[in-house]
Every structure is written in structure tokens, then in C-alpha cells.
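In order of appearance the chains are A, B, C and D, and numbering begins at 1 in each one.
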């Protein structure tokens, strides 16, 4: 049994659903999941489909070619088709904070994440022992003001050698340059430790404390050139009070960051996220 | 423009989605919403569709007849088709608590609820002034042990005269008998003031206080013959502490009850709920 | 039995708690509630006490005088003492939105709020029937650019005639001028329909939609001269998705606004809120 | 500077707070935290105090003796006094599930937990590599029906040799016998994977799925002889839908279990929990 996932978006038009489901039925597929959404403001149609095919009669590449000529061209679709046989490859960028790292590797180890982690990159050596204990290759690529461009070249080389599909910045603490962003558009996932768009930039827990908010949050988003302004994948919040010092906010925030980042990683790896107009459409 | 909503469930089989979307396309419909779900354990397929048709070329009754002969019989579907032209009619059963009543009538008045309320029934006169201030007919039908059957006959008469589609027990405080339940299966919505299945029956806030729980809840469900055991439509919870007395739980619970009941009423009135195997499938 | 509530803040010093509890014991009081908090950053001590006294031996004014001379002067306390005999008087300012009005009046009617509402002020006549049905005096004071100052004079006259203690802007939709703010410092409660400090100003649901947030919020705060920047009393949030149109955000937001505003009103009326350094200390 | 934490409960009487704060002032202490609560139903008074003393003039044992003779005997207090110098020692009991283990050890490693973990006990060898990677001694004590009593003797020996203060069952999957419970009353913390009192006993996620709940939970409680009926320390919940299979509930539940257990462990280690009448009083 071969299972494929199809993601489509195009201008909203009559007949897309009927034509698409017909096309799949004609190829012998059985649709096991269908969800769609129309952005009325932008008149944009989005759909996610999962379909099963008998393995012996199915070739993904031929299916893609037919899909393009018979369907995608007609409706001028933007589309992606994934086979469940191939797990996405994720590179992990870290620095000195260990909580998101422990959390993601713990989940990875217990089989909760449907992906592969070929390696970890860090600008510091502090967390190497954790990578070692999980037996994941660790590459130390220091970054200074002067060596940033050179460091990114090293990163890109590693990413391309391993055919990395997406990058997760698990509290990486460095601003990623456009070189990397353009190579991996909507494929670099960051965790920001505030409820965006509140408290953009550095030290959001300090700002939250100063403003006296009663709830703090964390936000996972795709990295774009504008800082902390990319498409939001997931957010979560927790209640705080006047009695919480900044250190308490940081401590409570760590739990938010872990869960929000892990949720975003799972949604991306399961191909449930589409991006349009700097916003995400998430089919769950 | 005529808009219809179709709810289907049947044994899971190949081709249901393709055949259904084809059928609608063949009738000139444009699908604007589709969502489906397969209960793998029971091998049951569920689908909700919304489709728009040009008004002058469309007759709901003819469409239903074709749907049955061309599609529903083939897949042995259980199905319902609603036209958006007809708002469901809801009867409100109340007793002496006013919070859910104020909440529902406030929403009704501001146009938030897509339904009609032809009348309110109560076993007490206490809340008549509220019904009057919202200009909704109020029927006082007292219920005692001896007159219960007779009272239900009066209720049924009113319900049938007004072609009531569903009943909402807004803290009605009476156990509804099988006579009413069988006449309105999965069409009587109750609000229970606990996080079911914890604290079934009377005085759940007292039980929650005694057990020392840190979270209390409310549950809206369809009424079945077994007390507080019907299909759950919606639940919500709120945090409490040792410092909350029973009266605090009751007070905090009122807000939960209002929101949970209103959410359930909206889901039902918008035809987003299906029931199977004493559980709900909710398409949002 | 006479019950008083004491709110204190002063520079943090040794012996405040012992001296205060001693003082109360010396006056024959039994402390039934004590909570304190120290803002380490500002070295500021905050305390809330409730104490019961035998009625026949107790005069609030004499107690206050002794408290000042024996205790408050020594520690240079800012302090307030309230007798439970006197309920605070709240003025309700409204415009055209009815949801917060229905909610507050429903709670008021059922005895949930420990306060009095001598009157409602509105710049429009639309909601007069609701005020009438709850039998609360309704004053129509239209506000235009040219008449704003004159309108505020009329408001102030009413507020002072009725010895109003605090004002609640229940979606009043007008910016209140410094004349009113200075007369009622930290006594004007507003509800803002976003998770502040995100989306300050007009049309926050539109901004939230545009940014593609996954959670929306509401914030109740004291009004200060800087727009939406006053001390936050309460916040709450709810989850949304790409599938929610702006109208859905507005609808879901209404429930947040009601609950957040009602919570803030209760905290204020129960004298549980202190303000320092543009932040609230809330003793629950 | 020496900091002590005092936990008291006794029958509610006039003057407890004044006498206690006086006593501490008399010993040269500065109260930096005070919170109290009265259970009106049981007429029981609870208080938690933190007080700082100059180190050179302070002996904890002498303070305790004075506290007993001068204060505790008078009011017939149940009391405990802890010095901040001594961290509590926690034993970790595990079996085959690794998520709570990773979570607790990750927090322990990053300094988030104010306690010591002298060793881990497991009835299986599966998770030994994790204990090793965190460099915590691991004792494999297999448990079968026939060897249960003998295994508990081995456990008790280890617990006593290391002066263990409390035990955490991190998904230990074994029912602990009264021998251990009586030795560590209200000192054995369990995590149950449901929102108690719903779904007591085995396979709660299966029961939750069958009942069709819309929210699942986790509960951390002290172990008593009655299964899953001990005093609740912490609970949390998360929303689910019909579309979640049992495996999804288990996966979502893991995150709840981790956070709820970690929260309970922190509250206990920070001496913020008191137990009375099978309920907890938690001072935060």
C-alpha cells in the first residue's frame, strides 16, 4: 500500500474538488482524508488530501506527471505531492539552551516524530554531550560578526550534503541571514519566547514583566527576512501573576517553548502546513 | 443562491467522496465546504458538505429524491439534507436558574444564533419576567411527581404545534422521561455542571469540592435514557484551588455552563454535529 | 460583626507584618485573611488584610485615625481601609454593543456582583431598552467632536451627585479625556478586545486576522492617558485557526470580553487590586 | 542569611497570626512570605511562612524547640519547619515509559528543580541508558507477583540508606503496597493519566476514547491505600476531538503527564503543599 499526501492551493473556482477526487479515483486511489478551506478575502482555495494506492500499480513520479498535466495546469494550482515512504530530514540548530533540545530528542527517541535528524549544528560546544548521548552527529560551527558569512556557507554545505528538507532553530539565538532563508523558504522553523506580535525581538520575558501582563506566550513561526514577522504555525500561553519574577516567567516559558516548538515541528513534518500571504493554513 | 448542507454516514467504502462530489457537480452545485472522518475502529465513514446552487434551477425536494436513489441507496448511507433557508426551531426548557437563560437570549437578540425560539417552557414562574423582557412566549407547566406524565403531554403538544426541531434544557433541573427522549432522539441538549464522566448526577460542585479537584468543568450532551451518559457535544474547564468554597465553584461554574451550552447550541443549530455509537462527530 | 479590608503598600522594611498584625490584635480584631507580596526589583511591600471586629466596640473612623498615627506614619504606608458595610458604586458607560451590558447586568441581577449600579450613561439610545428592562436609570449623553468637553462635564456632574466610586467602560467606544481620568485615577476600567500589548488601538480583530495569530485575547485595564497602556487587571485568550473569518474572531472575542471585564469588575469591587508602577498587584 | 519555611495547621482560633508573627519578630526574623487559608467547613487554619534570620545568631534546632514550647503547644498546631540549606532528596521509580523521566532529568540537569536525586529504581532495565547518560545511579529491582514483598524490602533499604524525603512514581506502572505508603505518608507522588476522579484505574485513555470526551487530563496525587483516590496536587487538561484515535490521546497525554508531574514535584520540593482531610492546600 502506497500513501500519498497532496497539498494544493489556487484561485477559487467551481469544480476543483469534484475534478480532483475524480482524478484520484481514476488512478485507483482511495481518498482517506480530505480537508479544504477557502480564503474569501483573497478568493484562494486550499486543499489537503491523503490517498492510498495499491503499491504494485503505483509510481509516484508518473502520478505527479499526470497530476500536473491533467489537473494542476487547468486550475493553475500550486501543488506538492509527498509519498509517505520518505520521511522528511530535519537539521537542528542550537546554541546554549538545552530545554527544547532535550524535548525534541526525547520525542524523536520514543518514535513520536515522523522525521529523521541527520545532524545538529551549534555555535557553541556546551550541548555536545546531549547530542552524543542521543547518538546524533554534532557539528560545531562558531559564529562571530566577522565569520558569519563563512559559517553560513559551512552550514549550507552540510544541509545540502544531507538533503535536508527543513531546519529547526531550537533557541539558536542567532539571526539567520537571507542566504539561508532564500534557500529554505518557509522551511526554517523558529521558536520565539513571546505571544507574537507582542514583544518582538530580544528579551521578551523582561518586556512582559515590565508591562505587567497576566498571560505569557510562545510562538513558533517560519523565518522570513523581517524579524519575528514570519507566518505563525503555533502559539500557546500560560497564566502568570504579579508574584512571578522575570526568572519565573523564563522558567514557565520554557515549558511553553518546548510544547509549541514540538507541535510546529510535528505539523510541518506531517505536511499539514501551507503558507500563503504570510499566514499559515493548517489542516489537522 | 440556495445553499444546502449534507450530512452522511455509512460503512467506509472506496469511492464515496468521488461519487458524492461528482453527483453534486452533476446537479450544478459548487462545493464550498467538505470535511470527512473515518472511525477506523468501527469502519464508519462520516462526511459534511456544503454546496451552493443557482436558486432558479434548484428544488430541495427533487434534489433529495435524486440523492437517495442515485447515491444514498448505493452506499447505504444514513443522511440528512438541510436548506439554509430554513432556520431550526428551538424550545427552551428552564426552571429557576437564570444565567444560561440570560446568556442564550442575549446571544439570540444580537443575532449570534442561527435559529428561532418560538417559546420557553418552565416549571416555575420565577423567570417569566426575563422571557417577557425579551418578548418570547412563556409557558408555565408545573411538574410534580403526580403530574409529570400529564405535564410532558402538555410539553409535547406545544412542541408539535410549533414544529420544534430541538430542545435545550437550560438548567431545567428535571429528569426528562423516555416519552420525550424517544420523540426527540439526539435532539435534546442538556448542560451538566461537571466534567463528565466525573461527578454524574446531583450536586456535582459539592462532590468536586469534597474530592479536592484542581479543575472543574461543564459538559453539554444529548439526553439519553441513562442519566448524564449521552453523547458529549462540548466540554470546558476552569482552574480552582483549595481556597474556593463550594459557592465559588458554583459561581465560576456558571460561566462555564453558559459558554459550553451556547457552543453546543450553535454547533447543533449549524448542523455540525453527527451522532454514532453514543459519541459525537463534530465538523467545525 | 464588622469586617474591614486593609490595603497597604510601602517601602519594604523589617517588622511591617508583625506590627500590623499586632495593631489589629490590640484593637480586638481577628484576622481572617492576610496576603502579602514584595516587589524585589522596586523594594516595595504590598499587603491585603481582612479583619473582623465585634460591631458594638468598633468605629471605622476611629480605627482609621489610630491606624494612621500608630502604624501608617511609621512605615510611610500608602493605605486604604474599607468597611464591608458599604458597597462600591459603579457607573456603566456604554455605546452600541450589548454583550458586555447583558453580561454585567445579568450577573448584577443574580447577586453575583458586590456593588451598586446607580445609573448607565450612553452616547447612543440603542441600548436604553435593556437598561429599562433591568430597571437601571439610563442617561443619554451624546458625544460629538464639538460637544465632548461639555458632555464630560455632564458625566462628571452625574458621577459626583451619585458618589460614584468607579467607572466601567463596557465597550464605550470613546476615548476618555484626562479630565475624567485625573478625577478617577485607577478607577476607570476598560475592556480592550486584544491581548495587550499586541494590537493597541482600533480594530484589533482585523489586525489579528491579518497577522494570522493562532490565539486571540481580551484585556481589561485601568484607563490612563496613554491609549491602551494602563495597568492590566485581567486577560484571557481563546484559540483560533485560519478558518476563522474576522466575523468569527469578533464573535469568539465577545465571550472573552464579557468574562474578562466581569472578572476585572469583581476584583476591583472586592478591593483585591492594588496599582503601583503602572502594574497591578492582585490578591485573590 | 538563613531562610526557613514554616508550615502550620490547627483549629481556627483568634490570634494565631499575631502570635506567630510576633514570635518570629522576637527571634529576630524578617518575614518575607506569609499566606494563610481557613477551611470554614472544617474550621481549620493553615499557614505558610518564610522568614530570614541573620546566620550567626540562628540555630534551627533551638528555633524549633522554642517554636514548639512557646507557640505550637498553645494552639495545638501540626507544624513543620524546613531550613533552605537542606535540599529534599527524591527517589525516582520508573518502569518502561521514558517521557516523564526525560522531562524530570532535563529539568534537574538545568537546575530548575530544587532537590537531589540520589538514585533511580526500576523494575526493568530498558531505561538504564537514560539514567546513565544523566549519571544518576540506577537500581534494577524486578517485581513479580511472588517477589513483590521482597522487592519492596530492597526498595525500603535503599530509601533509608539515602535518607530519601519523598518518592516520585514517574509512570512506575506498579501498585505500591501499604508497607511503603505507611513509611512515606503523603510523600509518594504519582502521575495518573486521566482527569481524576474520571477514569480511575487501568487504561484511562481507552476509556476516555470510548466515552467520547472532548477534553482529556492528567492528575498528580499523593498515593494512598485506595487506588487513585489520594490528595490531588495538580491537574491539567487538553482539548481533543472525535478525530483523535486512542494513540493520539496517548501522545497528547504524554505532554500533560510530563508537565503535571513536574509541577507537582516542584510544589512538593518547595514545601508548598499541605495535606488535610485527603485534600491539598497549596500555597503558591
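The rule we apply is simple: a residue touches a chain if its C-beta (ideal position, glycine included) is under 8 Å from a C-beta of that chain, and two chains touch if they have at least 3 such contacts.
Computed from a prediction, not measured in an experiment: that's the story for all the values here.
Colleague: Sharing over half of the contact pairs with B-C by residue number is what counts; pick that pair out of C-D, B-D or A-D.
Modeller: Overlap exceeds half of the contact pairs only for A-D.
Colleague: Look at the interfaces A-C and A-B and say which one is made up of more C-beta pairs in contact.
Modeller: A-C
Colleague: Centre to centre, using CA atoms, which chain is the farthest one from chain C?
Modeller: A
Colleague: Just give me the whole-number Å value for how far the CA centre of chain A lies from that of chain B.
Modeller: It comes to 37 Å between the two C-alpha centres.
Colleague: Hey, how far is the Cα centre of chain A from the one of chain C, in Å?
Modeller: The computed centroid separation for chain A versus chain C comes out at 42 Å.
Colleague: Two or more other chains touching the same residue: where does that happen in chain B?
Modeller: Counting only residues that touch two or more other chains, chain B contributes 243.
Colleague: Hey, which residues of chain B end up touching chain A in the complex?
Modeller: Touch residues, chain B against chain A: 14-15, 17-18, 21-22, 24-25, 30-36, 38.
Colleague: Enumerate the contact residues on chain A facing chain C in the complex.
Modeller: Touch list, chain A to chain C: 37, 39-41, 195-199, 211-215, 217, 231-237, 241-243, 245, 278-282.
Colleague: Would you pull the chain B residues touching chain C in the complex into a rising list?
Modeller: Checking each residue of chain B against chain C gives 98-99, 102-103, 106, 109-110, 112, 133, 243, 251, 254-255, 259, 262, 284.
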